[in-house]
Amino acid sequence: MNTTPSSPAPDVIRSAYAQLVVTDLAKARWFWVDMLGFYVQYEDAHSLYLRGTDELTHHSLVLRQGETAALDHIAYRVRTPEDVDKAARFFRALGRPVRRIPAGEGTRGLGDAVRVLDPLGFPVEFFYDIERAERLIQRYDIRHGAEIARLDHFNICTPDVPAAYAHYESLGFGCSETIEGDEHELYAAWMYRKQTVHDVAFTGGAGPRLHHLGVATHESHQVLRCADIFGSLGKEQHIERGPGRHGVSNAFYLYLRDPDGHRVEVYTSDYYTGDPDHETYRWNVRDDRRRDFWGNAVIESWYKEATPVLDLEGRLCPVGEAQLDESTAAVGADGLG
Amino acid sequence: MNTTPSSPAPDVIRSAYAQLVVTDLAKARWFWVDMLGFYVQYEDAHSLYLRGTDELTHHSLVLRQGETAALDHIAYRVRTPEDVDKAARFFRALGRPVRRIPAGEGTRGLGDAVRVLDPLGFPVEFFYDIERAERLIQRYDIRHGAEIARLDHFNICTPDVPAAYAHYESLGFGCSETIEGDEHELYAAWMYRKQTVHDVAFTGGAGPRLHHLGVATHESHQVLRCADIFGSLGKEQHIERGPGRHGVSNAFYLYLRDPDGHRVEVYTSDYYTGDPDHETYRWNVRDDRRRDFWGNAVIESWYKEATPVLDLEGRLCPVGEAQLDESTAAVGADGLG
Amino acid sequence: MNTTPSSPAPDVIRSAYAQLVVTDLAKARWFWVDMLGFYVQYEDAHSLYLRGTDELTHHSLVLRQGETAALDHIAYRVRTPEDVDKAARFFRALGRPVRRIPAGEGTRGLGDAVRVLDPLGFPVEFFYDIERAERLIQRYDIRHGAEIARLDHFNICTPDVPAAYAHYESLGFGCSETIEGDEHELYAAWMYRKQTVHDVAFTGGAGPRLHHLGVATHESHQVLRCADIFGSLGKEQHIERGPGRHGVSNAFYLYLRDPDGHRVEVYTSDYYTGDPDHETYRWNVRDDRRRDFWGNAVIESWYKEATPVLDLEGRLCPVGEAQLDESTAAVGADGLG
Amino acid sequence: MNTTPSSPAPDVIRSAYAQLVVTDLAKARWFWVDMLGFYVQYEDAHSLYLRGTDELTHHSLVLRQGETAALDHIAYRVRTPEDVDKAARFFRALGRPVRRIPAGEGTRGLGDAVRVLDPLGFPVEFFYDIERAERLIQRYDIRHGAEIARLDHFNICTPDVPAAYAHYESLGFGCSETIEGDEHELYAAWMYRKQTVHDVAFTGGAGPRLHHLGVATHESHQVLRCADIFGSLGKEQHIERGPGRHGVSNAFYLYLRDPDGHRVEVYTSDYYTGDPDHETYRWNVRDDRRRDFWGNAVIESWYKEATPVLDLEGRLCPVGEAQLDESTAAVGADGLG
């Protein structure tokens, strides 16, 4: 796979939104809006445009009704309109499929965008222009459920983590943390543009697949509250793993599965990474605190299951096998070894 | 005032409910139900019967529509039906007005009750029998606002705190904490039957008046959330004092005023007092941490304003002047000295 | 087993303290004092007397150096000195071993006590008199670790849960919650004297063994903090299960194992049970929320391992086999079925 | 005052550290280290170098023993070594005093730096190079007191807020929020380089003076804990204002005064500002929620008192009078109008 770009990278600001295909929009609305607390910015019979209550742009999550549950695309915001063009040239130079999506023809609320199938096989959009939305930051009166404040990150499954690392490095991402073997084999990596631990992370495994979306709350009691509400309704089967404290990122977390099986992480309290010489922190794959700081075992489904992705024509992408399997390497925390 | 009883005291279990007269039931519903999170057990055009989500009996707060905002009565639950009779005899022996209220004629959900005007001039009810209500303890899905779990205590203004102390002692109440002058003049006292810091407390001041109802949440973040929601709606004028940490009781608190000016304290995290030899903890009136452990000044309205009370015929009781004035004695915390 | 008493039961106030035999006092001190935050009321070369910072009596936990890790005894406080005598007569009438322990000859800080081997085979002490200790309730400056406020309960393993239930009922304990089979076979029960969910609970299993001591914090963030500190030190193997929310009791919990394998539950936020007609809440053994409200699986060791108990002569008691095995009956939450 | 730069601005990363002169280093150590939880990176007889537990560079606070309590300087980190030179040229072009401080001659842990007296009269340092320090992010075992994670911002008093705004705008700072009069007179502004609400804010008032340093915790319960510890020790007089929720920034806050009167704000939970088109949010000076979202009055000392600053020769700078006085304009929240 050629990941050495011959065209300058766009200036990516942050992970901006994901579009998921869900098979039952009403059930998805229950999960993401009623339970997680996303705010509905727009909805019609076929789609929901959602944002967290700290977000000031039109949406950070689009749910689109469809036949097969899948990731339609993830999207990064770039710094200027010119960076959208840069993104197109960057991926064309890599020989990847690229599609221009003029304002009004693609996702509601966006201006001109570019959608590509990146070297890892993921459908990724780059855009600058997005409608601003009413400030809800202090609308405690409409907060409910998990009180999601904003999208935090994408976590993707890819068979070749070093290639994913190299690709995102070429896009200007920094690396905050890794999980590595004794010979520095890369099992997982967390990479960022905004000043948090990550905008994107790679979980070694069959891919391209979406492992999860990470969404942020302000404090840990909101994470507990979310789990409690699922229990109250007898919907505890949506809770897959946690709550717990991550070793990597130090965030407090809870993994949920939506009615289609899409995984979401409710996530809070990581740390600042904005200094220019921020160093990567490296975990050994056999440290049982790396994925749960308290040593609690990782559920097998968390390692094995993920969301398929669509290509630019909306067809399911074929999935390649994992090269290194952390769930086998791992001992304590995973209980799978 | 004769407070030496010649008849045995009823076995009081706990502060059980209060009935307030409100002048606008819709506005009161907004405050107590929407904002504080009380659950509506019953409502009609003239009244609201409310309880916290941990409470298993029919109500802990009755709001009754009326001309003049007032306290109709406070009520204690007793251990057995016979204790209701004991209460009647106890107050008759004191020469106080006593009224029997057969089941079905008084407050909805109650069995036979006795209502008295106690030696302090307060309308007080004693009952044993009360309807049980559906368990909501784990209904996190319906919690909202301040997420009130239960009624905790009554705080009453009385000109003669030593007399109030003696009266409640004769009813078998223990004393957890006091505020005293250098010569042990009693400025305030906290007295309990259930195993918390108090079921009733006395604030020296013109009385009989109701200073506030104390209602409990599980954790302090719920108290903060409550204040935040008032701010969101531009209703911050309902916040009178706090949030803060009490010296007395060590509880975390927030004082609010309802649309009629009735004061309520959202209260959490006091301590166990159930041992038979539990000792009274005494604060000096000049310790600026006694009312706010962080030394923040007490708002003047908090010392001066309170809810008038009704007698057994529903007429406003005349108010006697304070004998000792803590707000004058006080130095630091109060900013009033 | 004869559990019908012919002598009146003592008036038990609450679960008061436990004495554990630990094999390395220094390691035990690290765990209970440094990590959990217990306050050292007294220590010498052979023993540690500890209490939580809300506790006003001399100790709630005694750690005694010994050869074999075991429970020496659990202890209940009774209402009056006469209740100590009542306890002696009560257990003698049941034909159980009873030993008087005069003040000064038994546990430091206590007055006259009675120690018995109860019908379930557990070493249990009853006492009234205990030294008072300095008030630490507001000593936030010395709080550390898990910031344990007080002992909350004992949880004991017994092969015959209905017999345990009957015995404690005869001692005047109420029952807040149970786990039952479809035919109301009793798998577990939570019983109380103080106004919380329990002073003692029974886990069906080989016994007599101590399943765990439950110790209370004020809020859930203190429980998370405790787990985080274990992770920081690479001592996450002391974390056995949780943090999580219980179905039974609704408390937020974390189970830890001390250096000798004694299990302790850090526990917060249950509910008031003090009304005279408080009803038992019954969970079906197949409800996967009963032991974890979020449906997380119970670790196998949690069901299988426990602390042996000593008889009145200090010898290890033989252990009887379980009659009903919840870990087999259970499906979802336990992952053991 | 000339604030139009003729030389390009350095690329500022963030507010990086402050150096305070304290008159009693031992007392200052108690406050900042024991009570606030700063980590001591280095200390000698005359100085303390401190950082929060999330910080990965040598220090974010330097306390220097001296005769007169003052601000020695604030410091910003820039993106590259060249930006240090740019800073020198930028301020020279403005005709301001500029001093080069070679590595080893200035603040411990730093490389080459430039110190200037900026157009507002403040001593400000710019540096790129700083020693890295051991990662403490997950050292929950050494956290204590307020558990400060990192420096968040500087708040400075200046008589001419519009001039301060223009100066920092010329340095490339964005503006997240303002307090304005009806005619958009600028009373206060919050400006940022890192992706939070601010690195620096201006409080209209006599200046140049340092209003406060803002230091961040992860969650609000850590702020409460900090206040509680001050109360425990009878040191509640160090608590000046709060805890409370800000209108501006939405952060949860507590203002403390150190033994020399230097003000520090413990601050948590603001929001992301990293998007290129982030818009300024404007508060009217008469909205009583702007400084406390709950409408609590601002203490007069908070408006009136501040720390004097030193010039590049270490002499106290003269203080100019305020031009607009928010404390007079203000109505509700301030109680000063």
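Annotations for the structure displayed:
Going by the order they are written in, the chains are A, B, C and D; count residues from 1 in each one.
Criterion: contacts are C-beta pairs under 8 Å (C-beta built on N, C-alpha and C of every residue); 3 or more make two chains touch, one makes a residue touch a chain.
Fair warning: this is a prediction, and the values are worked out from it, not measured in the lab.
The chain pair C-D and the chain pair A-C differ in C-beta contact count, and the higher one is A-C. With respect to chain C, maximal separation of chain centres occurs for D (centres as means of Cα atoms). The centroid of the Cα atoms in chain C and the matching centroid in chain D are 50 Å apart.
Taking the mean of the C-alpha atoms as each chain's centre, chain A and chain C sit 44 Å apart. Contact of a single residue of chain D with at least two other chains is seen at positions 138, 219-221, 228, 231, 247, 293.
Within the complex formed with chain A, the chain C residues making contact are 220-221, 224, 227-228, 230-231, 234, 236-237, 239, 243-245, 247, 252, 288-289, 293-296.
Contact residues of chain C toward chain B in the complex are 13-14, 54, 56-57, 77, 79-80, 132, 135, 137-138, 149-150, 194-195, 218-220, 247, 250, 269, 271-272, 274-279, 281, 293. Taken in their complex, chain D has these residues touching chain C: 138-141, 144, 219, 221, 225, 228-229, 231-233.
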